[in-house]
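Multiple structures are listed underneath, in structure tokens.
Each of the two complexes below includes chain A, the first together with chain B, the second together with chain C.
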Partner chain A sequence: MKKTVDVSIPLGPMHPCWKEPVRLKCETAGERVLHTEVELGYMKKGIERIMRGRPWQEVMFLAERVCGICSVVHNMVFIEAMELISDIAVPPRAAYLRVVANELDRVASHILANFSYCYTIEHETLAMYLLNTRERVLDNLERLTGSRINTAYMIPGGVRFDLLPEDAATMLADLAKVEEELKRYVQIFESGPLIGLRSRGIGYMSREDAIRAHTVGPTARASGVEDCDLRLRHPTYRALGFEQVTRTEGDNFARVMLRFQEVFQSIDLIRKCVDTLPAGHIRGGGLCRAGEVSYSGEAPRGELTYTIKTDDFGRVLDIAIRTPSIMNIEACAHYMVVNATSIADVTSTFISSDPCIACNER
Partner chain B sequence: MSILQSIKNAVRSRSIHVSYIDVGSCNGCDIEVLACLAPRYDIEQYGIYVHNNPREADVLLVIGSVTPQWEDKLRNIWEKIPAPKAAIAIGNCPISGCVYARKGSLTTPPVKNYIPIAAEVPGCPPRPTEILSAILSVAPLIFKDYEEKQS
Partner chain C sequence: MTGRCLYEKDLRPLKYNILTSTKHDATVRAIANRLGVSDAKLRRLLIQRLDMSLLENIETRWEMGLRYADDGDPLAKELGCELFSRFIPLLDQERMKEIYEETRALAQEIPFEGAIVRGKALIREAILS
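Up next, the complex of A and B:
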């Protein structure tokens, strides 16, 4: 059958809605989107090439600069992979503090993703509310780790800084405020009629498509894929009684709402961690050794895998990073935006899958 | 100074349109630029508007060490901005390349090899307040008496 294409519309690489450069090429018939292609490569820095042959002390800082939004989880997965290679045990207090830092980062990342979505559908009031709430979360991350974005908080055998009792009290008070504010914003988002028109039923992806496209993270969970959260397999999260959040609608609304639900869940996890924080050291000893391992953790956008090979001195001989967004972006281009009724929905659908281009291309 | 020039000076000091461009960073600086929009820092109370459209921008915030894809596009975007204009480098990446300026890297920092840079804000990433104060201190200096300096 001959394909009739009226116009091929390029979106990007510089686009008011997008934080990072990426180009989407949409083939349209009238307003209807027939086919979309993603063009990547604007951010390729060759970070894995830089990492090869360097000691873990340097690779650790490079690893968290793969992505600025979810830097804590890159740090965490790399360090836990190194610990797995070298048989280094983590003190229980440090393991709990890692969860606190990781969940604070996840809350900030999810709120930023929802800010981007609200900004894209031009609900600027809600977007600004969310961005202001995010600042409160970043304050707590800074108080715990000493930095807002690139924290370098975790090291093999523990964490760098302890959570002081007065900081813990401030954190719990702040998180209570964040929860209270977010409840209001979720209610605004859920009940807004115009938000519903732009979100409900737009960018639908069925469960079968989500599995076929290998989507991960909130994008997969919003389409009803069960057992796709790697926190279910992490020992500390298991001790905290973590349960996966799943929604079945599979549209933009479900993806944004799922992130809101995960924020509330993360706040509960942090509260549980701080309340039951074990006493003791935050830093054990250890020596990084030779070995090879493939280790995955749950980033805010989904499954993140580090495949590392080290030598006797702890130098990284070979490394491969698989980041979550690449699958989600492909799924977005091939399943979500196809047959979108308007070109305006393409940007909002793309943003709803929370693309992180810096992660993708490294 | 002519009356027209003084009016232009007064207007330009409270109306700075900003466009930001990521030429290969870890996007930590991008989200710190975005954080400037938050009501806590409130970039718009100083008359700074973020559009991300180079054709109506006065100030270009450049983030990141330059990747091969951006080498010619960066110059193109700089040419599209109408004069008077200023470029501000945000973060360590456009200044020195930060962690990416190593053996094996694909990037070619610094950005000032490609476009003229008026100010540099070091930090990995810099705080939103630092970005804000850099824009506020540089933009009026460059835009003040622009027409009279030209003639």
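Up next, the complex of A and C:
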């Protein structure tokens, strides 16, 4: 008879499947995972402390360096929080261009997350296809903002660059290709029998658990949490007729598929923005003033909150950043991974929650 | 935790850093106030019992607990049954259930407020033990 031994299996901090260093300590009974602990602290930046006492012009650049994958939304949430404090209005054209930049960033982030998942379950072909497609998206982000990663595109009262008509046409043509390619990849993912074995019913998280840990973004939406996408409350997205995508399975398959669905939705939003782009200025101007605000925006991974206090010169006196990965990683370690029937599913489940350690450690 | 294996780090300073950031500090003070224990004592307990991801997420869990825990049961709501066992796991659910039953029995004999005070004292005692 096979003997069952209780062992502690450490995964990481350096693991081939992790994009960033983190350590998961899994207590197991044979192959079954009983309990998991997360060990952080391998890349703590202390960026909130660096931000304190600096003028907004410097903090703006620091904010997008919290995370390299979703840098645009960090820039956007910080700037929109400053605009809220200082009562600065944004011209309609700039508001639409912000959505274009944000959605391009979301597409790139979701494709990268799904690449990581496919790579973790060792479907390297699909993973590389996805990474190749992501390049086209980043090229378009560069076309709009002048940079692929740290764009610093948004400033109080507007954006830095306009979208030229010839660039808009190239962007739409590129996005049509991305959409066409992704349709094929989604079909591969949906119908792959081995992908199904590694994904369907694995890493299940119920809606109640998702609410308890305040899980956000695609991780929450894949567990059936309704009304959790902050784009529903954003005025520009509301004008574009945005609707939340939700799935109810709550497993790895649902999380990856939901991200694919959101990519198609983001491409539609960009199309709508470009087609109905209002004429006018891209900068309204304004002065940053003293005040205190807590403002949230929808990052690719979920709710991102900046709590900022400024003085009369727009200097940041105090700042606290709550990133979506804080909630998602915790929920993954304490709900999704627990009771996994195989230790091999821990890595894929962890990656399916799209963990960002840079965001978590900020 | 320390000295078990060569690769085991002492996480206490890192956990302390998490708990003393602006918003986490406010949350710890609110929890300590609700439980009736000192901030320092609660911080030590949290560092001992919870892992780093849970400590990072304690602020949101506290918010969600205040919003959703023990809905529909005034006694459980006052005691924080789900709040301190499922949202902020400081006590295991069996022990919390025992305290709840004990307090409910007490509430039949003495006024509700008195039973709540006694129940909270039991929770505090169980958490600190």
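Assorted remarks:
The criterion applied here is as follows: the second predicted complex is superposed on the first by the 357 of 362 C-alpha atoms of A that agree within 3 Å, B and C clash if a C-alpha of one lies under 4 Å from a C-alpha of the other, contacts with A are read in each partner's own complex, and residues count from 1 in each chain.
Here is the rule we go by: contacts are C-beta pairs under 8 Å (C-beta built on N, C-alpha and C of every residue); 3 or more make two chains touch, one makes a residue touch a chain.
What you see is a predicted model; the values in this text were computed from it and never measured.
With the two structures aligned on chain A, chain B fits next to chain C without clashing.
In the superposition on chain A, no contact is made by A:Pro193 with either chain B or chain C.
In the superposition on chain A, A:Gly241 makes contact with neither chain B nor chain C.
Of the two partner chains placed by the overlay, chain B and chain C both lie in contact with A:Gly41. Vertex at chain A: the C-alpha centres of chain B and chain C lie 100° apart in angle, rounded to steps of 10.
Once chain A of one complex is fitted onto chain A of the other, the partner contacts of A:Gly68 are limited to chain B, with no touch recorded for chain C.
More chain A residues lie in contact with B than with the other chain of the pair chain B and chain C. Least inter-chain distance for chain B and chain C in the combined superposition, rounded to the nearest angstrom, is 9, based on C-alpha atoms. Once the two complexes are overlaid on chain A, the chain A residues touched by chain B in the first and by chain C in the second are 41, 44. Taken in their complex, chain B has these residues touching chain A: 21-32, 34-35, 37-40, 51-54, 64-65, 67-70, 73, 77, 98-100, 102-107, 124-125, 127. For chain C in complex with chain A, the touching residues are 7, 9, 11, 14, 17, 21-23, 51-54, 56-57, 59-61, 63-64, 68, 86-87. For chain A in complex with chain B, the touching residues are 13-16, 19-21, 41-47, 49-50, 52, 61-62, 65-69, 71, 112, 115, 128, 131-132, 134-135, 138, 148-150, 356-358.
Residues 10, 37-41, 44, 48, 211-214, 307, 318, 320, 322, 326-327, 329-330, 333-334, 360 of chain A are the ones that touch chain C when the two sit in their complex.
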